[in-house]
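The next part holds the structures, each set out as structure tokens.
In the two complexes that follow, chain A is the common piece, with chain B as its partner first and chain C second.
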Partner chain A sequence: MLPRDLQPEQFAAYPPQARQLAVAHIDLFRQLPISFLPSMLRQVIEYDDKFPAERQSIDAELGVLSRLSSSDLLQRFQAFANLSIPSKLENYDWVNHPAQFVEQQSAYLWSTHQLDNFRKAATEYGEQLQAALPPVQLPARRLGIAIVGQGVEASSTPLFRNLRPHGTFFNQVIPQNGLAQLFDAVTARAKSFPSPYAHWVVEGGALPATRAPGVTCVSYDGLEPVRSALLNFIQGQIQRPGMGPEELRTRLAELTPADLGISSTSDQVLSRFQVKVLTEGSGTQIFSTTFAQWTAREALRRAQALTLLVHFTPRQRQLPMNEMLSNAVPHPTLDPAGSLVDADMGAYYNWINQQRLPGAQDSAFIAWFEGHAQAVVIAPTLPRGVVSTSAMTLTQLVQLALA
Partner chain B sequence: MRAESARRKRKIIVVTFGGGARDQETFAPQGQENIPNMMKELIPQSSFFTHVTNQGILGHYVATASLTTGTYETLNNFSAVPPDHPTVFEYFRKDLHRPPTDAWVVAPSNGFNRIGESNCSSYGQGLGAAVILPKHLLAAASSGSKANIDHLLRDNYENPLYTPQLSGNEFQLSQLERVLRLSVDDFTAHARTLSSPDELSLYIARRLMEQEAPGLLWITMHDIDIAHSGAYSLYMDGIRRTDRLCYELWQAVQQNPEYAGNTTMFILPDFGRDSDYDSGGNGFQHHRTGDIASRTTWMMALGVGIRPGMIYDDPIQSVDLVPSLGAILGFDAVQSSGKPIKELL
Partner chain C sequence: MESDSPDRTPIPAALPCTEKAFVTEPELDRSKRDFLRAAGLLVAGSLLPQLKAQSQQEPLTVGSGHKVIVVLIGGVRRAETFSREGLANLPHLTGPLFGHCLFYPHTRNEGVTAHFNAISSVLTGNWQRVDDWGKLAPTTPTLFEQFRKDLRAGRSDTWMVASNKALTSQIGASSSPHFGPKYGANVVFPKQLMLMAVEEALRDGRTASMADRARVQTELQSALEGSNYEGLGWNVFDASDQLDPRVRGTIESAIAGFVHNDGPTSGDELTFFMTREIMRKFAPSVLTVVFSDVEAAHFGSYAMHLAGIRTVDRLCAQIWQEVEQNPSYRGQTTLLILPEFGRDPDGSSTNGFFNHRANEESTRDTWMLALGAAVDRPQVVERPIRHVDLCPTLAGLLGCKPVEMQGVRLPEFHA
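Moving on to the complex of A and B:
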């Protein structure tokens, strides 16, 4: 089936809001090439479980496209239409399984050397879309915070080498009570600029017992029962005859929060987010540093967090993959030194991901070596690539970043 | 006559510096501290190619298969299937009338067991290389008692769940003693002294060189692919270890009378990894975007017939390696889509 043949009843299996959205835009969908439309439906079908920022993005994209004439649409999607898609994929149930279609399409594009053309078309489409969207007005400067190096007495290599050229490196930070000061800063921003899923704490260890109102919290330790359930599920699937990587990926994609033991009374949008972090993120199930970095990436990409604090804590030492996946070691040995290296790179990636969001030129970022005197602060008001020997508390660094 | 004799003695070793390493963690200025052995010891002896592109599918098995055939293969990366086009081992053995013992592959992952020979009807069965999968061998040798060796049995992080059924010309446990002159007990005892699968691969490769002295030896390293777990420190550890192992292999070449003065060695990653700045990826962790960083890498050539101290910036493709080996050794890689690298001739 091709997009031009779409009928409203084909969206019957979509969740209510997604179905309403799809049916409302069916005329647009009918004009889009099959090499593109399933990617869009992949977003639409999950509309009911999306963060507000994601919904706004989908609405805005559909709005831009709906305002184009048929000839403009034809021109805009010409590069996608030029891609060859086999009839086997055309006949696939891409309306109800768009994610699986996209995965198979990707494999096909790789094997037929069309991936570069697809990348080019997608990049150009994204640039045109961004240019057509109205500028986003943020209520405050976006702030990212990365705390690295818990449990490390001294770093054997210079820290923040990737971040330093973009900001000011402070080497006389007053570390006492620094962790609490940074958490307090997030709480204060959540109070000043309240908005659902706008302020996040991603914790590589355990969250404090008291939760700040208005702050979305996700922690590696807090998800331990979910991770265990997932690893058990994976172990069970591996044992099944004929199970291969594609089949396993499909099974993982179908998992719901309830399948992994998350209560139906919990926040379903956040629960689905957490399940996706664990089922789609490679290594998030076994390494707390990977979990923290990937969760932060997704919180920025999907929820467009206005405030994001990521606390990296030591991950388990490397073990054979089978052992890590089987979750057989209840109290694994930790690797603080290796985790510091992981977190240093993770902090850099957090900043890069933050810079992809609206307001990047005005955003601020702080990375701190926990318990130590080293931090880097990136802000539009601070010089780049310089060292400051001023003695500053973490609270003062936050004030400086937001000044 | 003398030239023909020299050609018969000529040895080729190819090492894939894998799986998947970026320039910025290796030969780019900021990465050179991670490869001290290659920088200090090997590069002065080498011709170094700074711009090697891989236009094919960026999965480790399919990309390594493409390297061996000199053609961008399109097989399923996660299937235990042979390449569609003749491998370098088949060209080497068929055109040069070399015996089965003269071409070997040492590969890290169970998925590589079909890489020794293609399913091409005019080449294929019986004309390829024997494939040793050291981890498979170790698992078989130590069946029932895996104490202290699990760290050597780590498999493919690209998809850690994938363990295909073995078939094809893979090395059998019974050949440990016959070919490598190693008892199962000695093999497992020595394995326990090693720290990673690639160290095990190097151990097997050295043993092969001592016992069989193959004319064509292909070693696929894989420790670096731990990057898929998202732990940057482990990725860096993998690069540093592979750097050391490459140097140790070259030292072994110099210490082996069959190889010293007769060997040309090529070291190249199968491909790179995603750029930090491509929003479709997650930096070093994967090689999924097909961006420039993931497609562009380097190659080092050293030994007999190689001009030392040369750096070449002109782009070449990874599929150019096999026709270049053909030009050096005297076979014709007729089905390769690459072309001989003139700087190697």
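Moving on to the complex of A and C:
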């Protein structure tokens, strides 16, 4: 089947809001090439489980395309239409299984030397779309916070080497009560600028017992039962005959929160997010530092967090992979020094990912060596590549970053 | 678990350069001095003639009598290796060894930056574009096949020892109709043996025993004896269901060395011990070694990735030490050390060092270091070379007749 043959009833299996959205745009969909439309449907079919920022993005994209004339659409998607897609894929149920279609399409494009053309077309499409979208107005300066080095007495390597050229390095920070001050800063921003999924805490260990209202919290320890269920699933899958990396990836993509024991009464949008973090990010299941970095990346990319605090905590030391996958070591020993190296790089990547979002020029970022006097603050009002010896609390650093 | 599936996310704009170093940090200064000292030795070119003079002491076997060892290191970026910051991770390669070497700072992978394709491109002299997971053999003849067919060499004269789990025994021979498996190399994956041993111990409830080195040896040997060795993905001497006794002895010696060595017990360590035993028992003329501890990067740990680089730096030096001490190799061997590719740059949409599939210089532009008999004089060759240039160069050193391929011989090597 080709897009031009689409009928409204074919979206009957979509979740309610996704179905409504798809049917409302069926005339547009009918004009799009099959090499492109399933990629869009992959987003649409998950609409009900998307964050508000993602929904706005899908709505805006569909709005831009809907305003184009048929001839403009033809021109805009010509590069996609030029790609050859085999009849086997055309006949695939790409309406109900767009993600699986895209995976097979990717393999086919690679094998037929068309993947570079697809990427070029996708990049150009993305650039044209960005240019057509209205600028995003943020209610406040975006703030990222990374806390690294828990449990480390002294760093054996210079910290924040990648971040320091972009901000001011403070070496006389007053560390007492610093963790609480940073969490309080997130809570205060959630109160001042309330919005669903706008303010996040990503915790590499366990979350505090009391949760701040308006703050979305995800923790490595809190997901222990889910991680355990997932590792058991992976272990079972890799022992099946013929199971390779690609097949395993497909199986993981099909997992739902219920498959991993997450209650149906939980926040389903957040539950889906957590499952994706654990099934799509290599290492998120076994290393808390990787979990924290990847979760932060996805919270920024998908939810476009206005405030994001990431607390890196010590991960387990390296073990043979099968031993880890088997869950055979209930209380593995930790590697604080190695985790600091991971977290230092993770903090840098968090800042990079934050800078991809709207308002990057005005955003602020703080990275702090937990319990110590070293922090770097990046903000449009602060000089770059300099060292400050001013004695300041973490609260004062936040104020400085947001001034 | 990221895929290569089409992504509608636009590629982000390049970020500002962040490579500026804090040159006042003491360890960076020290690394820089070491590097400059090594570079100074290169300019002086004073040490290599001694190595060259030791050649030809051993009887020739087949072809030119020259032996070649290629060490491939998985994916490492310049930023973590041959950069001002990265030198600290390579104390051996940038230390005394560097003064003897031929160094190509720009050695390019212009093909598919996935393990199987990258390695088979090096081995065939053609950019291979087959299945990433090794379901298909390279389409043009490997160095192993060229050597064995052209010079009538036995199978024991060509070996591949690899840690990488993404490889298969298909890496040892091509699907070329004029060559193929009957001219292929022995292929062993020692890490698979280790994984199988761990799996069996877990399955049988013997987990605690894995903390005891003596018991680890028992478990490894049990795994070797208790299974069809082809389950390990190996291909050794064309045996269908049992290992050649000479190979079994070699593996048992390697396991003993691995277990009773006081060092770490990573996959690359076992690969090294297996390599050393094969050098001692079979002295192959063509030996390829693939280390992959650095691939811990796929699991997101930068510290483990750096530890993998430091491990492979040490193991490369130990291989060279074996070359110098082993009469079958001393003075008649050329050793190449190079990464399969780099890794993605910080700021890439693929999460930086985690992966190696961005079409960026960070992923494609790597380096190569050559030591030994074919190196007339130590020098740094700034001219970019390509991975596919290695196969014709090595084939020439071995005395093989030229075969048409995309790569060209590097003039700096002399048989």
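To be clear about the criterion, the second predicted complex is superposed on the first by the 402 of 403 C-alpha atoms of A that agree within 3 Å, B and C clash if a C-alpha of one lies under 4 Å from a C-alpha of the other, contacts with A are read in each partner's own complex, and residues count from 1 in each chain.
Keep in mind that, in the parts below, contacts are C-beta pairs under 8 Å (C-beta built on N, C-alpha and C of every residue); 3 or more make two chains touch, one makes a residue touch a chain.
Because the structure is predicted, anything quoted here is derived from the model rather than measured.
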| item | value |
| --- | --- |
| Partners on chain A (chain B, chain C) - clash or fit | clash |
| Partner chain in contact with A:352 - chain B first, chain C second, else both or neither | both |
| First (chain B), second (chain C), both or neither touched by A:27 | neither |
| Contacts of A:110 with chain B and chain C, given as first, second, both or neither | both |
| Which superposed partner A:280 touches (first chain B, second chain C, both, neither) | second |
| Chain A residues touched - chain C or chain B, whichever exceeds | C |
| First (chain B), second (chain C), both or neither touched by A:93 | neither |
| Chain B versus chain C as contact partner of A:164, first or second or both or neither | second |
| Shared chain A surface residues [contacts with chain B and with chain C] | 110, 115, 119, 244-246, 248, 281-284, 286-287, 289-290, 293-294, 297, 315, 318, 320-323, 335, 337-342, 344-346, 348-349, 352, 356 |
| Contacting residues of chain A [partner chain C, same complex] | 39-40, 102-103, 105-106, 109-110, 115, 118-119, 122-123, 125-127, 129-130, 157-158, 161-162, 164-166, 244-246, 248-249, 252, 279-284, 286-287, 289-290, 293-294, 297, 315, 318, 320-323, 326, 328, 335, 337-342, 344-346, 348-349, 352, 355-356, 385 |
| Chain A partner contacts - residues on chain C that touch it in the complex | 1-12, 15-16, 18, 20-22, 25, 27, 85, 133, 166, 194-195, 198-199, 202, 207, 210, 296, 298-304, 306-307, 346-347, 351-354 |
| Touch list for chain A against partner chain B, complex | 110-113, 115-116, 119, 234, 238, 243-246, 248, 281-284, 286-287, 289-290, 293-294, 297, 315, 318-323, 325, 335, 337-342, 344-346, 348-349, 352, 356 |
| Touch list for chain B against partner chain A, complex | 55-58, 72, 74, 78, 150-151, 153-155, 157, 159-162, 226, 228-234, 236-237, 276-277, 279-280, 282-286, 289-291 |
